[in-house]
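Just below sit the structures, each encoded as structure tokens.
Next come two complexes built around chain A: one with chain B, the other with chain C.
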Partner chain A sequence: MRLEKCWFCSSTVYPGHGIQFVRNDAKIFRFCKSKCHKNFKMKRNPRKVKWTKAYRRLHGKDMTQDSTFEFERKRNRPERYDRNLAENTLKAIKKIDKIISDRASDHIKNRLKTGKVQRQKEARKQLELGIHLVKAPLALAQDSSLCLPKIKVNVSQAQTEENQPMED
Partner chain B sequence: MIQPQTHLNVADNSGARELMCIRVIGASNRRYAHIGDVIVAVIKEAVPNTPLERSEVIKAEIVRTRKELKRDNGMIIRYDDNVAVIIDQEGNPKGTRIFGAIARELRQLNFTKIVSLAPEVL
Partner chain C sequence: MVQYNFKKITVVPNGKDFIDIILSRTQRQTPTVVHKGYAISRLRQFYMRKVKYTQQNFHEKLSTIIDEFPRLDDIHPFYGDLLHVLYNKDHYKLALGQINTARNLISKVAKDYVKLLKYGDSLYRCKSLKVAALGRMCTVIKRIGPTLAYLEQIRQHMARLPSIDPNTRTMLICGYPNVGKSSFMNKITRADVDVQPYAFTTKSLFVGHTDYKYLRYQVIDTPGILDRPFEDRNIIEMCSITALAHLRAAVLFFLDISGSCGYSIAQQAALFHSIKSLFMNKPLIIVCNKTDLQPLDGIFEEDRKLVMEMKAEAMKTVIGQGGEPTNEEGVLLTMSTLTEDGVIAVKNAACERLLNQRVELKMKSKKINDCLNRFHVALPKPRDQKERPACIPQAVLEAKAKQAAEKEKRKTEKELEDEYGGAGVYSASLRKNYILANDEWKEDTMPEILDGHNVYDFIDPDILLRLEELEREEGLRQAEEEGDDFEMDGQELSLEEQEALAEIRKKKSLLIQQHRMKKSTAESRPVVPRKFNTDRKFTTGRMGRQLSSLGLDPSLAINRARSKSRGRKRERSVDKREGDGGDAMDIDDNQASKKLRLRSTSRSRSQSRPPGEVIPGEGLKDSAQKIKAIKLAKKSVLKRNKNARRGEADRVIPTLKPKHLFSGKRSIGKTQRR
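The block that comes next holds the complex of A and B.
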């Protein structure tokens, strides 16, 4: 029994699932489900289809190089059954899975960090500009604690002149 | 799912290029032939200067079909075309070489000669 990878989306194909297509040059294409199979028949390139692992790896959405990938390399030599080895392997698989998923989510978090920081900055700016929609200016003047603390940003003169048309 | 009037390619060097199925061997009103079944076919296209000629009626064994082949372990295999190998009355292939992949099911059906000649058994 062997767990294969779907040719189109790179997910694991468990035994009893999916279809194998054998081309005339004896190359085997395995698919995990009919969605991948139909996309293949439509001659779609998985590197251009957004939800496939090939696209995500190519466009840097998922991590591409990691030492944990060595564990999933295809090995063609069958191992003689050894109970201890099997037990240890199962334990290791669990641990390695956790490590891989942690690293993958870290990669994605790092990738999205710059966008998050940007959005927070923009939100803060918007709140500053539109504070009169949140609280009446009279109330703000009377009780200054309701304001957001102003952030001091060192900006050169030339930069402020550039920013003014954008604020319109 | 090969039925009469189906055109099949030939996977050996017997001299024929294309066959047309005339009859599915088995029951009297058997509809379709799959991988591992014998059919009676007529040669539609042949390589010149070979023992087999066009419009000769021969028996052939189906080795690859576009219709999926289901295995007991849940594996489903589909090939790219419908291909047969020309055999004689005993089931021995007429050609001396086989081209392309062959399904493993043929070994159970006693077509061992074909399986042994095949470059790849899948």
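The block that comes next holds the complex of A and C.
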């Protein structure tokens, strides 16, 4: 029993799921769900379809080269069974998994960092330029910080006795 | 072989069918269309063709019949005689002769009419000639109709004759009726001959086959023969006689010792002597049947003498063949088909005798000598007297012995399975012969899948080392990451600044929305200019709030706005009531202005204006004009008294006779009423 990779979106195909297509030249295409299968039949290139791993790797959205990928490799040479080796492998798999996911998320974070910086700059500029919409120049002259002005409420006793003007 | 052809004779059609077949064939296979306008030669040709075609077909079919039926002189005399016995040679020959004559007649007819057709001068004449020709041919056939039927019968019967090969090893069983010939036949061959208590159960020859010493023997069962003079014999008996006469076979003469067939031994002996001439040159065996009812030793003296005489005759045939006069046993045998006692012995004896005879004959013939010259069995000439047996090395012998022993000792999986309860109960442990570092691991199950990964892809003998390296790397990398993160945080906006930004964005989007609304409606609807304040949103209170939200002090602006606004009559009348006749417009009077201010601040919706009051900007000159305008407006809205006159809501028929309702046909249905 093996977990395969979907040819289109590169997600894992668990046993009992998906479709396998064998072409006349004996190349096997495995698909995890009918969405991928139908896209394949439409002859779409996975490298151009935004949500596939192939696209993401190609356009640098996801991590492509890393030493951790060397751990998971299909080896065709059978090894003699060794209980200790099996135990160690199982423990190692968990650790390696964690490292891989850490690295992948860091990669994405780094990628998004530049955008964040840019947005902050823009916000600052917008604030500076548009402060006149919320703060009168007079108030700005008095208090030059770029925040909302403090509202001064004149409470006179006479006015409270008369009928209060209705709020608009 | 000749006998098989009897099954392959084509069916002989009866007279009418024959004519039909030929004529319809003529009609189909020759051209059918002819007109009297054609050239005369063409017409003649047309009809000549038809006549000739018909004649040819008749000729063909009759020829096949004549050729396929066997000529009694050309086939094996056994068959010739058999056919003669069954069908009467003369009748048979006559029938075939008639067919031949018919054939010739037809040819003659055709020839004559073709000659006449050559000089036919019109379509009609040619046609009548052709009709006459065909008619005559058909009459010929009609006349031989019964002959054809007779030949068909013969053909059917011939096809069912038993396929006897006259040249191969044959055994013939003969004797009185009911002596047990057919039962014997059933015992030694796979033939299933009818066995019944009445005489002449077997009415024709039956063939069966049996094996002896890897050779196939034909066994022929004949109908019983009665002791009668030759001329009186009926067809059935004649069959057996024919067989006896012509087939070169071993003869088994059956004798019923018990007499239960209804005939005494004396009668049977008499029969024997009357047909013993037919036993010339044939190995003869006398078989005494039904010994379970009466053993051979228990018969009467006279009968015994008769039997011995028969035996003596049989012996003569043995000696006559030049064989050894030793085998007395092979001449007279006893058996019982009921108890199957001695049946095989009889068969073996008969087969042996026949075989010997045939071999002897072959040896005597010239052909065998040629064959014999070609055989030679080679034997190496012994060099000296030393014996040289086969030599097998000792090691090989030992190995063979060991292998044999091992095969016995080792327990196979199948045996284990059987021992522990069979296929469904015991499942063999496929792993028990595994070679592992530690034998406890033999029955371990290892997971193949973990967390979405194939475990087999990760297995590596030095996975631990690599994992350590990896973790070290990871530690370093994480430290670097933290350093980078630190630098980033300086540039963020503070909370208040974020609030301000949010407000700015909200205001901006609101402005844009309003602008868009205005933009879209401005062209399609006339808009009230801003200064008329129809939705009453330009109040000082509002202005005050907006200004203070911007951070300015609104009080000055509010005062200025209020002082600039015009007072209303109502306020002045309030002042008049107070008894002050002074100029209410005197703003400098503090009291008055205070009152004004008071009045103006309490401007609310509940206060209405007087009816004739002119509001600046309305477009009316003075209050009189306004009042007049109001009156006019009211008059125009006054309701008219219609006094039950026809109004807009009352039904009106614009056209009393619309054309589409009073004319036109319907596509389906009646137009009785419209």
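Note that in this section the second predicted complex is superposed on the first by the 131 of 168 C-alpha atoms of A that agree within 3 Å, B and C clash if a C-alpha of one lies under 4 Å from a C-alpha of the other, contacts with A are read in each partner's own complex, and residues count from 1 in each chain.
Criterion: a contact is a pair of C-beta atoms (placed from the backbone, for glycine too) under 8 Å apart; a residue touches a chain by one contact, two chains touch by 3 or more.
Note that the structure is a prediction, hence the values are computed from the model and not measured.
Peer 1: Is A:L127 touching the first partner chain B, the second partner chain C, both, or neither of them?
Peer 2: Touch status of A:L127: second partner only.
Peer 1: More chain A residues touched by chain B or by chain C?
Peer 2: Comparing chain B with chain C, the partner touching more chain A residues is C.
Peer 1: Contact-wise, after the overlay, does A:D66 reach chain B, chain C, both or neither (first, second, both, neither)?
Peer 2: Neither partner.
Peer 1: Which holds for A:G16: it touches chain B only (first), chain C only (second), both, or neither?
Peer 2: In the superposed model, A:G16 contacts chain B only, not chain C.
Peer 1: Quick one: is A:D97 in contact with chain B, with chain C, with both, or with neither? Answer first, second, both or neither.
Peer 2: Touch partner of A:D97: chain C, not chain B.
Peer 1: Overlap the chain B and chain C contact sets on chain A and report the shared residues.
Peer 2: Overlap of chain B and chain C footprints on chain A: empty.
Peer 1: Contact residues on chain A for chain C in the complex?
Peer 2: Residues 1-3, 12, 67-68, 71-75, 79-83, 85-86, 88-90, 92-97, 99, 102-103, 106, 113, 116-117, 120-121, 123-124, 126-127, 130-131, 133-136, 138-140, 142-143, 145-154, 162-163, 165, 167-168 of chain A touch chain C in their complex.
Peer 1: Under the stated contact criterion, what part of chain C meets chain A in this complex?
Peer 2: 434-438, 441, 444, 446-461, 463-464, 466-467, 470-471, 473-474, 477-478, 481, 488, 491-494, 496-497, 499-501, 503-505, 507-508, 537, 539, 541-542, 545, 547-553, 555, 598, 601-602, 604
Peer 1: Under the definition above, what is the set of chain B residues touching chain A in their complex?
Peer 2: Residue positions touching the partner: 64, 68, 73-81, 100-101, 119-120, 122.
Peer 1: Which residues of chain A touch chain B in the complex?
Peer 2: 15-24, 26, 28
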